[in-house]
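Listed below are the structures to be examined.
Here chain A shows up in two complexes: once beside chain B, once beside chain C.
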Partner chain A sequence: MRWLKTVCTIAGLNFRKWKSDCRVWVAFLLVLILIHSTTKQLGDIVAHTGVKASPWIFPFLYMPYYNKLLFFFPLILIFSNAPFVDTNQFYVLYRSGRRKWCVGQALYIIGTSVLYFAFIMLFSVVLNLRNIEFMKEWGKLFTTLAKTNMAQRYGLGFQPELTVLTYFTPASAMWFTFVHSVICGVILGFVIFLFNMKVRGGGTLLASLLLVLSAQAAKWDNLVKFSPVSWSTLNYIHLKPKDGLPAYGYVVAVYAGLVIVLFTLLLLTVRSYNFDREIKNE
Partner chain B sequence: MKGVFATSLRRAFASKLFAAAVAVTVAMCYISSRSFLQGSNNSVYIIDIMIHLGLFKKIIVFCAAIPYATVYCQDSNSGYEKSLIVRSSERKYIWTNVVVCALSGFAAVFVGMLAFFGIVSIWMPPAAYEAGGVYDSLAQNHPIEFVIMIVAVFAAYAAMWTVVGLALSSLLPDKYVALGSPVIFGYLLEELTSGLPPYLNLYSLSHSYGVFGNAFGNSLYTIGVFVLMAAAAGCVFSVFVKRRSRNEMA
Partner chain C sequence: MSIAINVENVTKAFGEITVLSDITVAFEKGKVHGLIGRNGSGKTMLMKCICGFVPVTRGTITIDGLRLKKDMDFPKNIGVIIETPGFLPSYNAYRNLKFLADIQGKIGKQEIREAIQKVGLDPDSKKHVGKYSLGMRQRLGLAQAIMEDPDILILDEPMNGLDKDGVAEMRRYLLDLKAAGKTILIASHSAEDIDVLCDTVHEMDKGVLTTIR
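For the complex of A and B:
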């Protein structure tokens, strides 16, 4: 219990720094701009059709590869200072030990990822309150947008996918997109944490390359199997027969495997990590 | 002025960050226009379509800020600013940074986008294009000049926001403020001016939409507005840097 409390305190310490951290403020403002920019044409469509949208925008918000690239970028910005070492962290490390410190930082990455995507989910509704009607179903508007090219004609930044509307209920689509995105964010965070300990800035570069890979995978279906970022939305998971996309079991297995392997590597790497170097660079 | 200016130019243009900004611009051009590359055989069309993509604009503004917008935070946090001001003067230091910041932002976008245009032109040679509006005759008769003109306007837009980023970093010396504020304020001001007539509407101006009857006058007016806005941001930068160098601000 005491061990858990220490780990949570270490993670909480990083969250408390958010108040004065411009990087986090900038990242969340960028996300707000992205959400607004992607969904602002919804008002024109609602005004034209006279039908309000359902609040289930989140599963479709970053389905296009370009949106995915942009929506994950602020998260990389938040994690870019991993392994989150500053002069204060040296004292924390001295009192807690390397292993607890590492688990605390990993917990911070998980917490940040959850908060980040919860923020996107919440504000995709809040910023469109005028054009939304609360309902349990997908609603007429999303079905029309999925079946026609209306979204494209109005310049809407996202397009509902018919397969998702057919195979998922709104709640399940929201849940799966949220969970996949969080896991994907955690993987990116762990990659940044791990490789930034090896080469300064190396992890951030590698995570950015993973985003670029997801954009490239949108063009070459064969690459989707190797691009965990692509699976954060449901349009890159096998739903229809012969769509050539990875099966759900494969996605879950790779996500679980990656999280476990990266976490183990983090624990191993932190044992020999030179903190003095990081503090000197601060 | 010459010494400080030459040093700042070297700092901006002979740096890895400038090369990175150009490379990222080229990469983002490719990623943004990829869906149009398959259905077209004219590179002029690709550039024109790409410039009108809303999200592309935001990334490019960010790319423009990479080479030099963070310079004041670096100077201020390391204390290098004081040495420079002692060796030259406050005024020289401030306006050199404003000019070099604008130049580096402009060059990163201009060079990056033209490099992409050059690469795409190998497979899709530039041809006459129906742009519509005031640029139609230019795009029909001189497609390459048309591309240079719209890219120059777009680069000037990005450069202007880069100076705004520099100005805001003097208020809050943080590199993330310097990099993120051009995108944030660019978007906010565009939304605020969206209801205004075309000659004051930043969205229309950034897309080189017709304000005047001819292409040249239109571009000149648009770039003029951006230069004025950059100068206003430069004045804000000047006020805060002076206050900081005199220890009037924490």
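For the complex of A and C:
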């Protein structure tokens, strides 16, 4: 219990630094702008058809691969200073020890990823309140958008996917997209944390490259299997027969494997990590 | 003679550059040990190695009989001021120390308040640390180092930024700690601080340590 409290305190300290960290403010502001620019045409469609949308925008928001790039980059910006060492961390470190400190930072990455995607989920609704009618189903408008090219004609930044509408209830689509996105965020955060410990800035560069390549890979069906970032939305997971997409079991196994391997590597790397290096470069 | 910190054949190199060269020194318990030397001579690096922040290239460091890296990550029961004390700028002194105290959970409200008072700051002050002068931050740095009542204190330039009265207060306080049996390793540029406070004095020059008193 004490161990858990220590780890949570270390993670909490990082969250408390958000108040004075303009990088975090910029990242969340960028997300608001992205949500607005992706969904702003919804108002025109609602005005034209006279039918309001359901609030389940989130599962479709970053289905297009370029939207994925845009929505994941602010998260990379937040994690870019991993392993989050500053002069305050010296005081934390000698009280906690390396292992607990590392677990605390990993917990911070997980917490940040959860908050980040919860923020996107929440504000995809809040910013569109005028065009939304609360309902349990997908609604008539999303079904029409999925079956026609109306979204394209109006320049809407996202397109509801018919397979998702068919195979998922809104609640389950929201849940799976949220969980998958959080896991992707955690994987990118762990990559940044791990490789920034090896080469300063190396992790951020690598995670950005992975994001770009992973999103690009989704454009070719046979490469989707190697693109964990693509699986953050449900359009790249096997639902229909013979769609050639990775099965859900495969997705879960790869996600779990990546998280476990990266976390183990973090624990091993932190044992010989020179904390002084980060301070010197501050 | 009981040894608190034993440094044996410690070398620290960054590639071709050697910043600590085969250092062997034993710091006795209950005494104040001074480290002097020019900027960049390796004083702070030696302290960081003793604290476990920087892994050594060769040699061993033993603290209270436990070997760094082999038996522990960081020395148990130490208090540290290294570099300019870093705190969360948008919180007051008490909240900052509370966050740190919660990591080990060894002390409560009362001990934190006492530590802040001991260094001449107000534990009830709402002033954010971001608005503190360097001297006030230095005092708060000392408060965080002493609040858990550690047996060993590693203080790198603790008088930095303090005014004349502050320096006198700090000296008095460090002498009280010495009288209470604490082991203190202190790095300072001030010859007067070293004269007044230290039982042993070691000079660092280009990574080589010489005992001069």
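Methods note: the second predicted complex is superposed on the first by the 282 of 282 C-alpha atoms of A that agree within 3 Å, B and C clash if a C-alpha of one lies under 4 Å from a C-alpha of the other, contacts with A are read in each partner's own complex, and residues count from 1 in each chain.
What we mean here is this: a residue touches a chain if its C-beta (ideal position, glycine included) is under 8 Å from a C-beta of that chain, and two chains touch if they have at least 3 such contacts.
Because the structure is predicted, anything quoted here is derived from the model rather than measured.
In the overlay built on the shared chain, the residue A:L267 is in contact with neither chain B nor chain C. The partner of chain A that touches more of its residues, comparing chain B with chain C, is C.
In the superposed model, A:A118 makes contact with neither chain B nor chain C. Shared-chain residue A:N67: touches chain B; no touch with chain C. By the touch criterion defined above, A:V26 lies against chain B but remains apart from chain C after alignment on the C-alpha atoms of chain A. Listing the residues of chain B that touch chain A in their complex gives 27, 31-32, 34, 54-55, 58-59, 172, 174, 176-177, 179-181, 183-184, 187. Across the interface of their complex, chain A is touched by residues 45, 48, 51-55, 72-75, 78, 80, 82-91, 99-100, 102-105, 130, 144, 148 of chain C. Within the complex formed with chain C, the residues of chain A that make contact are 2, 5-6, 9-10, 12-13, 16-17, 19-20, 86-99, 272, 274-276, 279. Interface of chain A with chain B (complex): residues 22-23, 26-27, 29-30, 33-34, 36-38, 65-67, 69-70, 77, 155, 157, 212, 215, 219.
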